Amino acid sequence: MQDRMIARAKELLADGTVDRVMGWKKGEFLYDATPAVFYSAEELDAGFVMNAFTAANVSKYLIKETKKEGKILAFLKPCDSFSFRQLMNEHRVDRDKVYIVGIPSWGKADMEKIRQKGITGITSIEEREGDFVVNTILRETHVIKKYDVYLEKCKNCKSKEIVVYDELLDGENGAAVTNSRFDEVAKLEAMTPDERFAFWQNELSRCIRCNACRNVCPACTCEKCVFDNPKSGLENKAAATSFEENMFHIIRAFHVAGRCTDCGECSRVCPQHIPLHLLNRKFIKDMNELYGDFQAGEAEQQRHPVTSYRTDDAEPGVIYTRGGTGK
Amino acid sequence: MQVKNENWKPLIVAFCCNWCSYAGADLAGTNRLNYPADVKIIRVPCSCRVNPMFILRAFQRGADGVIVCGCHPGDCHYTSGNYYARRRMTLLFSMLDYLGIEKGRTRVEWVSAAEGQKFAETMNSFVETITSLGENKRLEDLRCKTE
Amino acid sequence: MQRIGVFVCWCGSNIAGTVDVKKVAETLGHEPGVVFSTDYQYMCSQSGQDLVKDSIRTYNLTGVVICSCSPRMHENTFRKAAASVGLNPYMVEIANIREQVSWIHKDMETATEKAIILGRAAIAKVHLNAPLIAGETPVTKRALVIGGGIAGIQTALDIAEAGFEVDIVEKSPTIGGKMAQIDKTFPTLDCAACILTPKMVEASQQENINIYAFSEVDEVKGFVGNFTVKIRRKARYVKEELCTGCGLCTEKCPQKKVPDEFNLGLSNRRAIYIPFAQAVPKVATIDPNYCTMLKTGKCGVCSKVCGVKAIDYTQKDEIVERKYGAIVVATGFEPIKVDKFEEFAYAQSPDVVTSLEYERLMNAAGPTGGTLLRPSDKTHPHTIVFVQCVGSRCDEKSEKGKPYCSKVCCMYTAKHAMLTREKYPDTEVYVFYIDVRTPGKNFDEFYRRAVEHYGVHYVKGMVGKVTPENGKLKVQASDLLDNRQLHIDADMVVLAAAIEPDKSARPLATMLTASMDTNDFFTEAHPKLRPVESPTAGVFLSGMCQGPKDIPETVSQASACAAKVIGLLVKDKLVGNPCVAHSDEMMCNGCSQCQNVCPYGAITYTEKEFRMPDRTTAVRRVAQVNPAVCQGCGACTVTCPSGAMDLFGFSNNQIMAEVDAICK
Amino acid sequence: MENNNLREQILFTANADPKKCMKCGKCSGACPNYDEMEYHPHQFVSMVQNGDIEPLLKSESLYLCLTCMVCVERCPRNVQPARFIEAVRLAKIRQQGENRLTPQQIPAKIEEDTPQQLLVSAFRKYTK
Amino acid sequence: MKRIALTSLDALLARIAETQALYVPVDAKGGARFEQWEAGKVLSDATNTARSAKDFFFPQTESLYDVKMTGKKLEIVDTREDGEDFVIFGARACDVRSFSILDSVFLADPVDTYYKSRRDRATVVSLACTKPEETCFCQAFGIDAAAPEGDVAAWKEEGYLYLKAQSEKGERLLEALSDLLEDADEKAVETQQMRTRWFLSALPLGKVSFEGMKQTDLMDHFKNEKWKSLSEACIGCGTCTFVCPTCQCYDVREFDDGKKVRKFRCWDSCMYSDFTLMAHGNSRNSQLERFRQRFMHKLVYHPNNHDGEFGCVGCGRCLQKCPIGMNIVKVEKALEAPHEE
C-alpha cells in the first residue's frame, strides 16, 4: 500500500492538485514514524512510510496546514476521517485546502504490546501476512499474531468507512463494523461503586499530566486549554495529588463529550497506559442510551447531544435508577 | 474506613437559578420553612450557567454534596436553559457514578418560585442523604486538607 | 485590590433576632480587602442608604456587600444608591441573610456562622466584580407586522396612530384575513364586513402604514431595535401602482374554472382575480398555475382589455430589504383538515361542510348570494346537524386532532344555529355538543337565546357516524342525557373544525428565533405577565398565532401588542442588561458550539485578523455576542470548553470564588 | 371495599384510564349495537370509574358488545371503551360458575350455517 | 565483592527495610515503577521503570512552604518534610548517571536544600543491565550499563546477587548487611559484563554518538533550518520531559485553598506554551522554539556549561513514549547530517 500511496502522491504533486503531502516519515525503527509534510517526489521516496505502526491520527495537523497557502494531500484512515469530519463541523479546518485520499486500515500495532511479550533487544520487525516477525539481537525470531498486538482502538474499531474524501485509494469504501467497544464500559458499570472507585484511582493516579492525551486529541483544539489558562481560575499545570482524578480527566472528557469520535488516540499515546478511552466511551454510551444513537464526525452535524435537547429527556435521577450501573 | 469525625457536619452547595429556584428559596424563607444551615446557596442566572467545573470545584474544596436547582422543564426564563442543564448534569452525574463516586452526592431538582415547601423539603432530604453518606473523601483535593 | 464596605442589616428583629449582626460585621471586617464594616437597623431605609452612600465617599469604597434580605428584594435599591454617589451599580453584591438565614434557622450560633459564610462568599465575588456599563443600541422607529388579518390591521393602526411607520406583510393578495370571510360576528350579530372593511380602508389610507400584500418574509436578521428583514414581493403579473381594480380583466379572462379560495372552493374564479369586492389593495392578481398566457404563452386577453396597461407577464418576485425596530407576528390560523375524520364523511359528501364554509354559504357575497342552499343539489336544507369539537380536545397523542379547546366554536355554532333558524324557521337545527363553553360578555345569554328563542336543539352527545344515503345524511349520535341513540336524516352536517396556527408560522418562528409550543402556537415571554411578547426581544405576538381567541379578544390583544411596540419604538436607545455573555476572542476557536445553544441567536461569527503569541498574524473565526440580544442565561459559557465565553456579573471566576469561599 | 378491589382488577385488566374520558358520548354515538344494549359504551367507562360495577355484571350488555372497536377508533381522548367492556366481561366469567356458555347449551344454539370457528371462539370468549 | 543467593533476596530486602525506607522497581499496570518494598513485593525484571528514578530527589510536585492567613495577618509555615533515610534498590546505570547530572544543577551554588536533603538521605543500589532494549543508547554517553555507578552496584547472575560498594554510604550499607552476605570473586560478574557489553554494541543504536554535535558552533546549531521540519509534528505535550531522568525544569506556583496559600514547585516542560512565562509574555512563543530549546539544552548548552557532559543518559524512554515518534536520536542525526542547500 505504501508504494501505491507514494505513486498517487507523486501524481497529485505533479499535476498540481496539491503542493504538499501529509504523511508519516520513516524513523529509526519500524514503529516510530513521525507525521510529516512532504514537498517533493524525492522526499516521498526517501521517507514516506505506511506500515502497521503508522497509527498517528493526522487530522489535527490539518488545522494548522489548512491555514497555510496552497492545497495539501492527506491520506486519511477511517478513524482519521471521522476526526476530520468533526473538525469540519466545528469550522476548524478548511475543506477546500485538503485533497483527501481515503485509505483503508485493518488495524495498527502497539509496540508496547510487543515489548510486553518480554521481547528485548529487537533488531528488526517484519510484516508477514497476519503476523509480525520480530528478530532480536540474540538471534531469536518471534512470530506474533498481528491481531494480538493491535492497539486498543483498532481491536474495537467502530467503522471502516471513510466519511470524507476526494478519492479512495482502493476505490471502494468500508462500512461500519460491529464492535464490542462498550463492553469494557459495561463491565465497569456492573461493578460496585467501591470497585469502580478503586479501579479509577489506580488508573488515574498514575497520570503525570504530560498532556499528551489532550494535545493529541483532535477534539481538543482550544486556542488555550482552561487548564493552561491562568485567567480561567482552573489552571493547574502540575500533576498535583488528586487533581487529575477529580478534575482534569473528568472535565476533559466532558469537554469533548458529543464531539469525541472515539479515535482512541488518547489511550494510544498515554505513557502511563491509562485507559482514557473508557471515559470518553462512557459518555458516548450514555448519550446513545439516553438521547439516541449518535456518532460524532459521521456526517455534517451542527448540534450534538450536549448542545441539543428534547423536552421529554430523562431526568438526571435516571442514572441512579436505571439498570446496569452496579448497586 | 476512617473513624467518623464527631464534629463533622455536611457542607452542601446549592446552585439556584435566579428566576425560579432562588425565588423558591426566598419563599421558603418567607414562610419560615426550616432546613439545615449546612445548605449554602449560590445564585446563578439559570441552571444552564452551572458548569460541571463548579460542581467538581465544590467537591474539591470540601463540599459533601452539590445540588442544582432550576425552573421546571418548560418553564425556563430563558426558554431552554434547564433542558441543556438537564442533559449536562445527567451526563456528569453518570460519569461521577462511573468513577465510583457515591450516588446521591449530586442532585438536580426543579423548584419553581411557588414551591417554597418543595425547596425546604428537598434540602431537608438532601442533607439527610448526605449525612448518611458521610464525608466526601473521594472527590476532595488533598491539598485542601488542613493538618 | 478592592476596597470593600460591608453593611449588615438588622431588618429590625427580622435578622438581628436570630443573627448576631455585630459579630457578622466584625468578623467580615477582618476579611482581606474589607476596609469598612458596620451594621444598621434598616439598610433599605433612606438613612440606611445614606449610610452606604456616605461610606462609599468616606472610605473610597470600590465594592459594597450588603448582608440583608434577598437580592430579589432590594438589589436594585442598593445599586441605585451606589450609582448616585458614583460607584458602578454592579459593584454591589447582596448576601441574603434573611430568607436564607434568619428566617429559617432558629439557633443564633448556627445562623451567625452561616451569615458570615454567605457574607464571605459575597466579598469573594465582589473582589472579582468589574464595573459594568449597560450597552445602548439605537432603535429603528418602524415596525413590521407579519399578517394582515384583523390582528395585524389593528396592531398596525394603533402603532401608526401613535406616529410610527408600520409595514404590513400579507401573504395573500389582500389584507383582511379570516374575518373577511366571516358573515356575522357573535354575540352582536353585526356584519363582519361592515366592521372590518372600514378598518382595511383605514389601514390603506393611514399615511404611516405601508401594505406589502401578496408578500412574504424571506429572511430576518438583527435584533431588538435593529431588525433587517427581506420581504419577498411575489409576482402578481399586474403592476400594482397602475391597476385601478376596475375588474374588467377578471370578467374577460377565459379561464373560468379556478377554485375560489376566498369561498373555500365552493365557487370558481378566473385566472386573473380580485379576491373580493372590498379587497385592499384592490388590485388584480394573475394565478400562474391557471393562466393560459403564463403557461402556454397564448392568450393575453387581460392585457388587451386593461385600459391602464397594468398587466406584466414578465414580472418577477422582488426582494425588498427594510429595517425595523420591532416585529409583530400576526400570522393567524387555519381550520384543521377534517377529512381525516372518516366518520363525518366530509370527503364523501359535499353537504358535509366546515363552519367556515357554512359562513360563506350564509354570506350575501358568498357563492350562493346569501341564500342557504346545500352544495350538492342547491336545494334548501330542512334539517341541519352541527357537530362541535371536531378535532378539538383530542388526546395529546392523536394524529387527527388537537389537544386544546379551540375556544371560538361554541359561540360561532350558536351563531350559525341561530341565524339559520331566524332566516329559515322551517329548518330543524341540531347542535351536538360535549360542553357548551360560553365565558364572555353576553356570551351565555347569546347561547340561551339560540335555545330558548330560536328553538335550536342542543343535544349533549357526539355524532358517531354520518352516512350519505339517498341524498340524505344519516346521522347517528348519542343523546347522553336521555340515554338513547339518535338517528337523524339530515340535509347538511356542519363541522366545527378545530383551529390550528397558520402553516407559515413554524418557518417564521425559526427565522425570528422565537419559541413555539408543541402545537406551533408562539409562546409568550411570560404567560401571565408578558402575554403579548415573545421571549425573543423585539418580537411581539398579536392574535391567533399565540393561541385560540375570538375577535374581541384578538383586537384587544392586538392593541395591547401595539402598546408594547409603541413603548419600544418611542425610545431612542435601548439600555441593555450588562450581565451578558462576551467572548474572549483570543481564546475562541470558532467551533460554533455556543451558537448552537443560544436561544436568542445572539452569537455570530466573524473572521478577524489577530496577532498571535508567536508573533504571526492569523485570520481566525471568532464568536461575537450581540449584547443587545443576549439575555444572559449563560448556556454558551458552559458549552465553551476553553472558557472563551464568559458571563459578565456571573463569571466563571466569580462563581468559583463563591464556591471557594463557601467551602473554606 | 370488595367493589373497590373489583374495580382495581377491572382497571388493571383494561389497562386504560377512564379519567381521560370527557364524556362526549361519541363512543355511544358510533356504537352499531347501541339499541340492543342496556348499558352503553360510555356508561361502561363512567360506571367503572365510579365503581358502580354490579349492574354491569348482571347486564346482558356484556355479551352484546360486538367488539367491533368502533368506540376505540372514534374516541377523541383515546379512552378505549371496548377495553372496559371486555374487562368487565372477563371479571364476570372469572367468577366461579359464571361462564356464559356451558357445553350443554351449545347444541341449541347451533344453526345450520354456523361456522365451526365461531362456536369455538365464542366458547373461548364466554368461558374461562 | 559480596554475594547473596537470590533465594535469600527477600531476607536482604527485609533487613534493609527494617531501618530505612526501601524502594524497588515492581511490575504494575502501565509498566514497572518504584514502590516502597514490603514483604511480598517482587523485584521487577523489566529493563527499566516507566518513569525515571529522578522522582526520588526531584518529585513532580513538592511543597515549599505555606502562607497562612488569619484575618489580615500572614504567617509563613515551613512544610519541609525531612523524612527518614532511604535506599533505592535496582536503579539502572542510566538513571544513576542522571543523578549526577541533576546534582550538577541542584547542588551547584546556590544549593537547592530540598534536593540536597533528599540526596543526602538516599543510598543508591544500582543494578546492572543484562537485556537492554533496542531503544537503549547509554553507551553514547560513556555509561556502562554492565558496570553501573551508585553507592552499591549489583549484578544478578547465576542465582546470586553480586554486590559491590562504591562509596562510603555503600560500604556502610553492605556492612550492616554483612551477616547475610558472603564474599565472592568477580568472575561471574565479568562474564555477564562481557555478554552485556556485546549486546549493547550490537543494538540498532549501539553505534550512535553525539560527539559530533560538539564540532559545530552553538549558533550554527541554533540557526539550523532542520528545526522547522523536526518540530512540525511535535504536539507540545510534556511526555518526553516528564519521563526524562535528566529534565530538571520546574515552576513555582501557589495553591490557595482559602485558608492558606501553599507555595509549591512542580515539574515544568519546555514543550509547554507557558514555559518560562513572564510578565511580558513568553520568551519562546512557537513550538519550534520550544522544541529547539529542549534539544539544544540537552545536546549543546549542557555540555557547554558542564565540561562536555551531555544532558542525556540514553535511557530511551522518550524514544518509547513520544506520541508522534520524534526523539533525541532523530534530532541528533538530522542536525549532524549535512545541510541541504
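Structural remarks
Note that the chains take the letters A, B, C, D and E in the order they are written out, and that residue 1 is the start of every chain.
The rule is simple: contacts are C-beta pairs under 8 Å (C-beta built on N, C-alpha and C of every residue); 3 or more make two chains touch, one makes a residue touch a chain.
Bear in mind that the values here come from a model prediction, so they are computed numbers and not experimental data.
Averaging C-alpha coordinates per chain and comparing to subunit E, the farthest chain turns out to be D.
When you average the Cα atoms of each chain and compare centres, the chain farthest from subunit A turns out to be D.
Centre to centre, using the average C-alpha position, subunit C and subunit E are separated by 70 Å. In terms of their C-alpha centroids, the spacing between subunit C and subunit D amounts to 48 Å.
One finds 86 Å separating the Cα centroids of subunit D and subunit E.
Subunit B has residues 52-53, 57, 61, 80, 84, 88, 141, 143 in contact with two or more other chains.
Of all residues in subunit A, those that touch two or more other chains are 224, 226, 234, 240-241, 306-307, 311. By the touch criterion given at the top, residues 185, 188-189, 193-201, 226, 234, 240-243, 245-247, 250-251, 253-254, 257, 279, 282-283, 286-287, 290-291, 305-307, 309-311, 313-320, 325 of subunit A touch subunit B in their complex.
Looking at the complex, you find that subunit D touches subunit C at residues 20, 22-31, 34-35, 40, 42-43, 70, 74-78. Those residues of subunit A lying in contact with subunit E across their complex are 27-29, 31-37, 56, 60-61, 111-112, 115, 120-123, 137-138, 202-203, 206, 208-212, 214-216, 224, 228, 230, 237-241, 265, 268-269, 271-274.
Within the complex formed with subunit C, the subunit E residues making contact are 69, 71-72, 256-259, 273, 281-282, 285-286.
Listing the residues of subunit B that touch subunit C in their complex gives 11, 13, 18, 22-23, 25-26, 28-30, 32-35, 37, 40-46, 48-54, 57-58, 61-63, 77-81, 84, 88, 120.
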